[in-house]
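Take a look at the following structure, please.
Going by the order they are written in, the chains are A, B and C; count residues from 1 in each one.
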Amino acid sequence: MLQRAQDLGTRVLQQQKWWILLLLVVLAVLPLFASRFVLHILLLFFLYVTLAESWNLLAGYTGYINFGHVTFMGIGAYTSLILMKDFGLSPFYTCFLGGLFAAITAVVIGYPLLRLRGPYFAVSMLSLSFIFTALAFNLSGLTEGGRGISVRPFPSKVPFYYFMLVCAVISVGAIYKISRSKFGLGLISIREDEEVADSLGVNTTLYKILAFAGSAVLPGIVGGIYGYYMSYMDPKAAFSFSFTLNSIVMCMLGGSGTVLGPIIGAVILRSMSEFVSYLIPGEFYKLLVGALFIGLILYLPGGIMSLFAGKEGSDVFAKR
Amino acid sequence: MLALTMQSLIGGLLMGSIYALLAVGLNMVFGGMRVVNNAHANFVVLGSYLAYALFRGYNLDPLISIFPLMIPFFLLGVLIQRFLIEPLKRRKAAMLTTMLVMAGVWIIIETLSLVIWTADYRFVKAPYTGTSFEVFGMMISKTKVIFSVVAAVLLALIYLFLTKTDRGRAIRAVTEDREASQLMGVKITQVTTLTFGLAIALAGAGGGLMSTMYSFYPAMADVWRGRLFCIVILGGLGSIPGSIVAAFIFGVVEALVTLYASAIWTDVVTYSLVIIVLLVRPGGLMGRQTA
Amino acid sequence: MSLLKGEGVCMDFGGLKAVHNVDFEVREGEIVGLVGPNGAGKTTLFNVISGYYAPTAGKVRFNGQEIQGVKPFQICRMGIARTFQVPRPLLKLSVFTNILAACLFGRSEAAAAVDHRAEVERIMDFLDLNELRDTPAANLNVAQRKTLEVGRALATAPRVILLDEVVAGLNPMETDRLMQKVQQIRDSGVTLFFVEHVMRAVMSISDRIYVLNFGEKIAEGTPQQIAGDPDVIEAYLGKGVHSA
């Protein structure tokens, strides 16, 4: 079932190449005439797409659920803002260092912890995010503790927009490429039955760590950019569970283990929040969002992409 | 220093009893039913709010009101299980979908609380609030002692229920091994509905008791949410004794770290403890170690 | 030539001696059976050979080289493939992709440079799986799943396959059909070490048989020797019963 939905995603990306190119061009020139507000909305949207697609790599394709996904973003945010605070370096350059640190953290922590089963791995990652939050509070010489780091805001939204757009495109592109590669098949085998994958010759330890590190890089990069965009970062914001939750929700709403799923999920969730909050005054709109949300999940537990899944269908590897 | 340590230790144990009451409910659902009840902490806070409402309206001390309160919470749990969880389980949906559904419930509870009671901090000032016992030169919070006693009573009742009654034994069986229980003829739907209702009832009761200890606000659940999950995992999914042990460990470690180092390091120590324990015992302290 | 050899293999779980002091040898080109009552330790022995467990004591040799404790994926790439007693297909993937995964990952370096798709087609053809090419493995019946297990094992270009109850649960017709394929696999040069309960299968095709009971080897020999061995009969049928 997932493979048929998978197939739709790859089919869309292959056959609708021109429409996608057009969309990208439109998005690229948008800053010329769009309002700051629109840029803000889109930029956050791209942020969430990046986070959700990254989460998708480890969860949707490899089958390991990470409740501490935000940790990588927070590492990136603090890396960039500390370097700016102490050395005046622009996060536009140092964000890559954040990505590197996030990936290194993933490798170091992944090697022992990826041996844990489902819920244990998930919650151990949650614990990790709490540890980082606490460290950010405590190492105040480095991180300014609870006060948070404030930096001089950048006068324009445009470079942030482009950065986020590029990251989102890369995240989707990477998932696309991986999902039809040998690496991707290895990951999917691990997800389907890790012991069997082992017996078939997949180096599961290596692959899991690679997927984990892969899921950490872009959040690390994007964390630095986001931190600069907000021109402020404190421990609670940097390692907030809401980023993890959003990634999970968007990925599952759209359909985990698919290329387009996280994008669809992000579109649905972001538009639901923004539009419904316009329609309904005060806080009431959240009730509707919550109810709509529950309804969606109950109706489509496999996410939107499951609508496009047939009972039989060649998976993307079996194409003649 | 010894007196201070003892005081901390006792305070930690008392805190542990709070964690225990809350964690046991979550474990029954997360461990037994593989439902990621994201909203568990929200039911706790809702319990605080309802106890507060009854206190404000009818001058009912939470010590009394939590017992009748458990009934609507139980029913709420049953409804949620029937209409939100059961459909997902029947369709063999992934475990994470339960997390999403409960996240929806979380939003709804939090928003309702916000709308009804506003974002102001609320608190129940019972006659024993803020007072302490003086024992051997140590100051021990009366409220926490009362909570512990009630929590112990509740947990004892639960223990009796789980060990002495057929229904209770069925819950334990399903909590430990769902498949095997099914094979032995246990009516899973009935049991899971009962389990969920019981878990929510415990959450509500815990929250009601806590209304006299901490001031609360709609988003207060965020403080407890992750912590309770970590405690349950530390103890081991599906092991109720494990949750209780883990809860006490958390309480005591927090108290001792606060005393000997400083409060800001408690999180680093407790959550590192969770990870370290998992490295050595991948199934938690008392949970099943192999898949 | 000795391909697979076990020397004093022991596997303890806590207090339970699942496998105790078992010696065995499988020579190249042979079909060797491994039989014994339920719980005798047969699958555990396979798990030790294929790397899931490191034995508590003893050695396992492949081509003279010690392999106990080596990781499962490396054992597969060395040329030892295995099937599972209860078939474990990669459910959401098609039959084709299941075999493709084995082909891509399980081959030794020497055998890896091959046209993978062609190889998978060849194996599916040999096992009569062509019609099921695109079927998700979740939709297969037992016989088809068992065949898929064999197909995956073949795709890793093995020198020896550990077959764990490959015809269990199949009706006589399905059994004969699959056993025919198994014979053909041996004829193509692959050594087979297989666990089986279905006696007609074991007796008819094995060159030699080992018998385990309570984790220990109680007999070894040709099918005729085993059939008449009083220890074997006692293990299966209990004391005081002689061959019918």
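Going forward, a residue touches a chain if its C-beta (ideal position, glycine included) is under 8 Å from a C-beta of that chain, and two chains touch if they have at least 3 such contacts.
Fair warning: this is a prediction, and the values are worked out from it, not measured in the lab.
Note on connectivity: the fewest steps through touching chains from chain A to chain B is 1. Look at the CA centroids: the one farthest from the centroid of chain A belongs to C. Inter-chain centre distance (chain A to chain B, centres taken as mean C-alpha positions): 31 Å. For the pair chain A and chain C, the distance between C-alpha centroids works out to 43 Å. With centres taken as mean Cα positions, chain C sits 49 Å from chain B. Every residue of chain A that touches chain C in the complex is listed here, in rising order: 1-3, 182, 185-186, 188-189, 192-193, 195-204, 312-315, 317-318.
For chain C in complex with chain A, the touching residues are 50, 52, 71-73, 76-77, 81-82, 84, 88, 90-94, 96-97, 100-102, 104-107, 133-136, 139, 152, 156.
Only residues 65, 67, 112-113, 115-120, 123-124, 126-131, 133-135, 137-138, 241, 245, 248-249, 252-253, 256, 282-284, 286-287, 289-291, 293-294, 297-298, 301-302 of chain A touch chain B when the two sit together in their complex.
Listed in rising order, the residues of chain B touching chain A in the complex are 30, 34, 36, 84, 87-88, 91, 93-97, 99-101, 103-108, 110-112, 114-115, 222, 225-227, 229-230, 232-233, 237, 264-268, 271-272, 274-275, 278-279, 282-284, 291.
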